[in-house]
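Paired with chain B in one complex and with chain C in the other, chain A is shared by the two complexes that follow.
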Partner chain A sequence: MSSVASTNKHVGQSKSRSRNPYRLMTENTLSGMARRKALMGYLFLFPTILGILVFTAGPVLFSFVLSLFRWNVFSPPEWIGFVSYQRMVTDSRALTGFWNSFIFVVFAVSLQVLLGLVLAMILQSHMATWLRYTYRTTFLLPMLMSGAATAIVLGYMLHKEFGAVNYYLGRIGIPPIPWLTQPTWAMVSVIMSYLWLSTGFAMILFIGGLTNISNEILDAADVDGARGLTRFWNITLPLVSPTLLFAAVTGVIGGLQVFNLPYIMTRGGPGDSTRTAVMVMYESAFKNMEIGYGSTIAVVLFLVILAVTAGQFGLSKRWVFYQ
Partner chain B sequence: MNTTNGQGLSRRDFLRWSGVTAAALAVAACAPASPAPQAGAGDAGAAAPAAATTVLRMQVDPEQEQPVVDMFRQNNPNVDFEFVSVTGIDHEEIAAKILTMVASGQALDLGYAATEATQLYAGQKLAAPIDEWVQRDAEELKEYFTDVHPSLIQAMMWEGSLYQLPIDFNAANMYYNTGVLQEAGVEAPKTDWTKDDFYNIAKATTKKDASGAAQTYGYAWTNRLWGGWMPWIFVNGSNLLQEEEASGGEWLWSGFYADDPAVQGRGGGWRWTAPKANDPANVEALDFLYQIYQEGITPAIELGGGDTLQGFFTTGKLAMTPAGGFWAGSLKNAGMANDSFDVQLMPKWKNQRHQFGTAGQWIFADGKNKEAAWDYMKFRISKDAMMANGMFNPVTLTTPTRRSMLTAERFADTGPANWQVFYATLDDHPDTAPIPAPPISNPMTALFVGYTSRAMNGELTPQAALDGMQKELEDLYARNPDMYTKAS
Partner chain C sequence: MQSTMMPTAPRRSSAAAAGDFLRYRLGMWLLLLVTTVFAIIVVAPFAWTVSTSMRTPMESFSVPPQWIVLNPDWSNYARVFEEIPFFRQILNSFVVTLAVVVGQLFTASLAGYAFARLEFPGRNLLFWLIMATMMIPLQATIIPVFVIISRMGLANTLWSLIIPALPTAFGTFLMRQYFLGVPKDFEEAAVIDGANQFSVFARVYLPLVTPALAVLAMLVFNGMWNDFFRPLIFINDPLLFTIPLGLNDLKGYMATGSISVVLAGVTMSLIPVVIVYIFGQRYLIEGIMMGGVKG
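Up next, the complex of A and B:
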């Protein structure tokens, strides 16, 4: 071993590197710059990381802890271990909440993604620019509206006897539909309302995904004679699959946490037919003042979302194509 | 081995410094506020500072309360008020918001609660009993108690102590649209009308078009604890929960109602000790309501406080609905003429027992200004203050608890003509009682409303729905076995 290397105090220098003072000075300056850059980067990240630690990670951890206690806020917390989890397993209302959330996600998210893709493809087709902008704005506008206000208005419009929707359906001979008073129809109404509010977002995602498809690929497909459904299935869909994955993942995460629409439109009814997992959590924690049990439901919901998301990413290796 | 010097901040160092900074910020945030500036040295013998201003944080509707506050401050200029407005679709939602507010550390001095939340706050020891103050200021309060029916006072008691002085109440009476009844050629209901009379009137006033769709409904109701189908449970001689009287209360009855026969047998408040949801009388009542829904006499039930029904009533699409004195001014404000509607007692079934709810202010047990809060509470129930308050002036938006305030003059402009019914529900029917509202009223109400809707939409038969409700209420009671144990 060279005595030069053993006495070398500079990081990363090999014994074969020249000891040109100018080079050493440049390297010192460069490592100083790298340090400053790293520091600046960390400083910019710091507020976000602090926010995540304080407002997200901390409360999540606290929820885990709370789920092991019985606590009504006004009396001291009482350690009960996993009793709340055992209770949840036999609580038909909580299980119904999770089941309703699952049903909601299956139908609402599937339709949201499908409709978003279809609308995006239609908007990307040949049409006058002004028409394209008009339709795009029209489909996006509901996304800007308050979910709570929308739910209130739709609740009135979907009233079985006095709602506007049944009035106009009656004019074309369709008997009144119990939109909010019959269990199946109530879920349909909530799903329809969710689609109206959120399809615009999916549409925008897919517009971005479709725009990123290279025209060269599409032209080549044209030359090879690929048209219509063949082109969609073999070219467009694979190339837009990363966007599809993103839309599906975010849709499922949001869908499993839906609250405002069923809470305002139906209060979870009739019965428990539109009561979602988050509604059960909210009612347990803030109406029944069972903070511990509400935290249990929150923890279980977190684990369900984690598992579903992990499953989606795991399966994505089979069908998502990255260019 | 080479060191890491000069290669930038490591991830470990960054996380270490982030944790140190976060801890430092947390410690700084927990540090006490710097003390107020003290008088200079040698000022020990200086003149006393000006009287400190007390700020009372009060949960009220600011618009309705402001006139009363202005009157109070004329004699109490050192008391300031901070209004905290809490809204909700119904009482249990408001109670949930207040509980959450208190749990998050937002202290209040005075709240306003209805029967639905009286035992909730008392049972959670959020509300302070006012026995000592009432007894101390008995002379001042004699006039008030003389003017208020004892059943309203009893509804504000819990385990022998009084927690609120009721300001307004509402019993569920039957409102009817006089125009709709006249059009159907039906006579207005009499005081002693029966359930069968009710059915005949409801059927006669229901109008359907050629396709069978209803144009006018004979009856409608809102799915809620007060005034939903609870009135029918009561007139059928039953209740949702087993009821009994708590012990105690002699200090109040003997002190203020010694000569009143209406206090005979009254104790220290109500106890609702066990569920009886699937009592045969309750099944019969729910079955009756489901039957008239099947016949098209009633529409699908509504959630909430009944505001939506008001629209149908005022436009002649609804003949009858249960409501309280709160509808007198509301219908006027909605444009109804004072002779276009009237009110009657609930029809008689097995009996003619009515249900009511009442409300008043309560003092927070942990409030810092309880004495000032009591002074305001006492002033609030004075006749002058009640006459000034926006709830009763310029129109009656709810029924005042003071008998002397229910006059022909009060209802001349708004209607109803038969306004005497409001207090007659208490005076002439001593078995009239508050809606069942134990300390667990929030989850209890959720179960009541939930199973009611399942029965009314046909998902469950009335029997199955009430069996399910009974089972869940029993589980709820089992999780709260010490509701009526008052800690010393």
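Up next, the complex of A and C:
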């Protein structure tokens, strides 16, 4: 802002004293500098804008175009209009995929947010510093494991006969649970594995949100004698609600994209019980080489994510409180 | 937060205060117990992975699990390199991860600086357009990007994992926030010294935001090292696989063999991330919070 103001000032002065060569030079260098600065701005942005156009923004539109064609990569694409969309609404596999993604997101995200908030509140409560850091580091450890490695390791541990989990459950008298071989349990296993992998992330978000709460408000609450559940509902929860919204939105966006865990742990099975929308998209486009149909599922998934996110922000006006 | 958990309530009878204190202590122990149970659930798979990676093929997949292996069988680690081209895959993971980290630091710091410190027509519009693309999930773009990559002749090369990952809306946002925090005085001082715009950026501002560079580097390292979806689609030559794909393959080969070999591979894949994590944990945490608090 300041450079614009100073440029104008000099322009004004130069009109009245345009004969003074020294003034002219100053004017030139200053406006020249503003112009150079603007040019630099575009230059600095060039790699990012080009990259986003080619690899993010462009492809979204391209996806929609592709969804209107039938194309198996080898022969030329053939225009079919909205046929793929009609096919999708009657394709039980695709519908099951979206349904499974929905169930997954409902349970995985609500539990992830709940657990993350509880752990963050425990860690932010009165606790020795070394203990707090030890726990925080511990809960973040799963972030280091790739989804692929997590799926492999937890898949082995949940094995019905030889898995460590059933062994210890057996020790306390619980008969072997078919973690990966029975449809409902398979979904439970994928959700649990996702929670193992991603709760630490939510916890860190909430630690950030809780740290941001101003101490004056908390002190005031103290003086008023608010404690326990009252304090949680009336003070803490409203104050972390912006973080809650962020965790819920990013959680849903991430959850709807889940792929690695079911792909490696259960291959979508047994049957189609853990086949998510992204898996159906992947199989259509890259296994069956139906690029158009895969794009259709991708477009619908994107629209679902947009709609859910918009809905979350719309509803948030009713419950999110900004300090 | 800390001080407020201690009951500093108005004075009451000492008996009530003692009851309060007892309940408070009991609550604390209960919370500690819950937290410890969760901590065990979090750590157990790591411990099980490392210990089982050292069991002999005969006992590799048998119960009870052995947490401390008395006679470790290190041959599982050698077997990983015999079953899959693991050395090449480690190298691939390093090349891709480092290239994307360096590339994103470059593109994001330039763009973030432009949005924070340079003035040009359309700045706000461009900024919000770029922010809007953060909403676009990878899955919605992966098919066209695959088509583009193939047309460019880059399918089944490491370039296909690097080039599409270079532009970053989130990184741009992150760097902009940090650049906004640097006082403008620095720039004016440098301009008086006759520095041009690029050297103001490179010599004056960039060194001041090294923490931001570390934050972005940590997030990108973590994401790229563990990426599975993109390599799965773009790469089909095992010699060009990154580690997560290699491990998935290894699991397939060992379906009837020793799971200890697979777990040895998993253990080795964790070493670089753990090392980076030891030095950069605080940047990783800061990065996650940046997204949440200021986003």
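The definition used in the following text is that the second predicted complex is superposed on the first by the 277 of 323 C-alpha atoms of A that agree within 3 Å, B and C clash if a C-alpha of one lies under 4 Å from a C-alpha of the other, contacts with A are read in each partner's own complex, and residues count from 1 in each chain.
In this section, a contact is a pair of C-beta atoms (placed from the backbone, for glycine too) under 8 Å apart; a residue touches a chain by one contact, two chains touch by 3 or more.
Note that the coordinates shown come from a computational prediction; the quantities given were computed from them, not determined experimentally.
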| item | value |
| --- | --- |
| Of chain C and chain B, partner touching more chain A residues | C |
| Partner chain in contact with A:Val60 - chain B first, chain C second, else both or neither | second |
| Partner chain in contact with A:Ala164 - chain B first, chain C second, else both or neither | second |
| Touched partner set for A:Ala38, first chain B, second chain C, both or neither | both |
| Chain B versus chain C as contact partner of A:Gly269, first or second or both or neither | first |
| Chain B versus chain C as contact partner of A:Phe74, first or second or both or neither | first |
| Common interface positions of chain A, toward chain B and toward chain C | 34, 37-39, 42, 49-50, 54, 156, 159, 162, 286 |
| Parts of chain B lying in touch with chain A, wherever the complex brings them together | 2-9, 14, 18, 21-22, 92-93, 96, 99-100, 103, 124-126, 211, 213-214, 217, 299-301, 303, 308, 312, 317, 442-443, 446, 449-451, 453-454, 456-460 |
| Interface residues, chain A side, partner chain B - complex | 10-12, 28, 31-32, 34-35, 37-39, 42, 46, 49-50, 53-54, 72-74, 156, 159-162, 170, 176, 178, 180-183, 267-273, 283, 286-289 |
| Contact footprint of chain C on chain A as seen in their complex | 2-4, 33-34, 36-42, 44-45, 47-52, 54-60, 62-63, 66, 119, 122-127, 135-150, 152-154, 156-157, 159, 162-164, 167, 196, 200-201, 204-205, 207-213, 215, 218-219, 221-222, 225, 227, 243, 246-247, 250, 253, 256-257, 259-260, 264, 278, 281-282, 285-286, 291, 294-295, 298-299, 301-302, 305-306, 309 |
| Of chain C, residues touching chain A in the complex | 1-2, 4-10, 28, 31-32, 34-35, 38-39, 41-46, 48-49, 52, 61-65, 106-108, 110-111, 113-115, 118-121, 123, 126, 129-130, 133, 135-148, 163-164, 166-169, 172, 184, 191, 197-198, 201, 222, 225-229, 232-233, 243-245, 247-248, 251, 259, 262-263, 266, 269-270, 273-274, 277, 281, 284-285, 288-289, 291-293, 295 |
